[in-house]
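The structure under discussion appears below in the form of structure tokens.
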Amino acid sequence: MIKTKIDVCSLLKKIRKEKPIVHHLTNWVTIYDCANIVKAVGASPVMAHAKEEVAEMANIASSLVLNIGTLTPEFVEAMKIAARSANKKGIPVILDVCGAGATRLRDEKSFELLNEVKIDIIKGNASEIVRLSGENIRTKGVDSAEVEQDILAVSGWLANRFKAVIVATGKHDIVRGKDKSYIIKNGHPMMTHVVGTGCMAASVIGAFAAVSKDLIYAASSALVCFEVAAELAAKKSKGPASFKEELFDRIFNLDERTINKMQKIYL
Amino acid sequence: MIKTKIDVCSLLKKIRKEKPIVHHLTNWVTIYDCANIVKAVGASPVMAHAKEEVAEMANIASSLVLNIGTLTPEFVEAMKIAARSANKKGIPVILDVCGAGATRLRDEKSFELLNEVKIDIIKGNASEIVRLSGENIRTKGVDSAEVEQDILAVSGWLANRFKAVIVATGKHDIVRGKDKSYIIKNGHPMMTHVVGTGCMAASVIGAFAAVSKDLIYAASSALVCFEVAAELAAKKSKGPASFKEELFDRIFNLDERTINKMQKIYL
Amino acid sequence: MIKTKIDVCSLLKKIRKEKPIVHHLTNWVTIYDCANIVKAVGASPVMAHAKEEVAEMANIASSLVLNIGTLTPEFVEAMKIAARSANKKGIPVILDVCGAGATRLRDEKSFELLNEVKIDIIKGNASEIVRLSGENIRTKGVDSAEVEQDILAVSGWLANRFKAVIVATGKHDIVRGKDKSYIIKNGHPMMTHVVGTGCMAASVIGAFAAVSKDLIYAASSALVCFEVAAELAAKKSKGPASFKEELFDRIFNLDERTINKMQKIYL
């Protein structure tokens, strides 16, 4: 691995200036946090799931984030309608395969989404991503199980299979496209003690993908921002709740010097 | 505009003493914050949306807050049942037209509610309120777009059209009845960086409307309280999350002297 | 009443080590807090409500928490499917009868659940628990009404009637089994100013019940932990929001010495 640098800040500035709309169909547990982190980063979140309006809402948005954390079959149908509208408009669609591997429904619906609409970025923790490759891994609810597979190789295979950027989060995050990949080593263990950090990461990726055609660069920049903020937050907090409060405050106030100094990104 | 004063505190004291039930059918993003701000102000929130129980729940409540932020057609039908029960009992119904103008569904359902049940207070940001007047304004998701119309005039027209008090929030808030109006100049820009301040404002209005027949006075008092708390919170916070925490703590602890000193209300 | 001591910490350590999955079908208001408190205590929360997956999800879990706070008939059907799966696997099922007594729907569905599946722990505030005994008490929305009945006697009757452990929360909490009961006098009045402390208590009970066959002991240990954390939090906070943040941080950091020193438990 070779340490490199990416220009995270020009995208962050673009988000803060353009305030792109990030349309979500997400889960009911972390829906507030997903909206609020998108707002804190400078974009404009909108959550709408009625099948009667999702196509129209996706059409006024600059990116679409789907998350199957509390899926139902009807909800996934609304996701497909929104995604088709997003595909038509040409805006990126991010899918968080939250809990893939935990139940048959989650597996089936993940593949339905991947096969029936165009997903531009697939995001999950290591065990969820490995599950998508067809491995018979049992994920532990929505928390990541330990996986032995080589995530980098699996992500490469999936990137090819689904013509998508693969984001596999964990101690180190992998952002893998067809012919390029980054490894991000920012972040903090306290993130695993707060519900929703994974969902929020997907939403931040949604905000960055809204302002750049280069989705590998966008997803990597998003993770750097989110995880640098998490590192700063961890220094000032004494438990999961104060950590989370600091996380929002820090990402809101993130400046170029700090990001450039703290980013740990590898080719 | 002439600066004036209103007796916000006698209503606040009444809420804290009587703990009126404020029944909500609201959106899934800010539902917790709506409940919690009502609690912090001293009232008793209840969230219930099953069509089988909403009439009964509204009947034990002292006000009803409706918010179309994550509407579906079925959800709006439950709103109507609850509102009819509230109308029958004679308790005030507050409608937050969250996202009106963003999609056809939101426009249609807003008008359905306004035409089929009695709404006592209509609340929105400037662009949502202008949209209700029939202007072909495209709102930017759930965030306010810039509008050129004279909000005060539009609110007056709507107040007459729907026999309701109109609350148009923004840098300055307008509370407009048939033959009286207030302008409230409290608040802080940090409110625009937190998801749900608009929804919470509607819920606080619900708490105040539960203890006063004079809905212009109730809505204005609610906004003064909420926004004075926001000003206090902004002084002590360093980002959107610490701001929000302070906002709840401040409204919980708000006292008469502070409110009277800080209120900026105009005729 | 005789003051006694229980070994809360060995269960807490077991949770932190084994990270049991606590499956929830809960309400939409406090769903995030329920998930996050389970995480803060060291377990792994999963929220899933689709009838197509709840049986499978309950089957990978170590306990199941049901909460009727924002029930619909369909949602209760999914609860039954999950509970049957939990009953079959032999994991404990906790039912929070949130708002029982407020509407006929809540009463009916509470009894349906109690009669059609095996509930191992029934949890409510005093007025909700009294309501289950058939008393014609009107609860005040989801907040506890004052009740004159002898809660200890009513709980004993219910424990026998439903072959379950009864948890009646209030200024003092009662944990009552067939032939044993504890009274817990920890806690702080600030808990009544925050939405969701009751729901969170049920979720913490779910985490403890996941690691012990002795459900009276598990429920009592859970309440001691949660309420000792609340007492610590109240000392450091200046309103409901800072209290809540502290509550999460404190339960996350709770140590043996503090718990043993502060627990107030009576036979």
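Letters A, B and C name the chains as they come in the text, with residue numbers starting at 1 for each one.
The rule is simple: a residue touches a chain if its C-beta (ideal position, glycine included) is under 8 Å from a C-beta of that chain, and two chains touch if they have at least 3 such contacts.
Fair warning: this is a prediction, and the values are worked out from it, not measured in the lab.
Taking shared numbers over all numbers used, the chain A to chain C interface scores under half, which places it in the different class.
Rotating chain B by 120 degrees superposes its CA atoms on those of chain C, with the angle stated to the nearest 5. Chain A and chain C, compared by their mean Cα positions, are separated by 33 Å. Shared interface positions of chain B, i.e. residues touching 2 or more other chains, are given as 28, 32, 245.
Residue ranges on chain B touching chain A, taken from their complex, read 27-30, 32-33, 69-73, 99, 102-106, 138, 140-143, 193-196, 237-242, 245.
Those residues of chain C lying in contact with chain A across their complex are 19, 21, 23, 28, 31-32, 35-36, 39-40, 44-50, 52-53, 56-57, 60-61, 244-250, 252-253.
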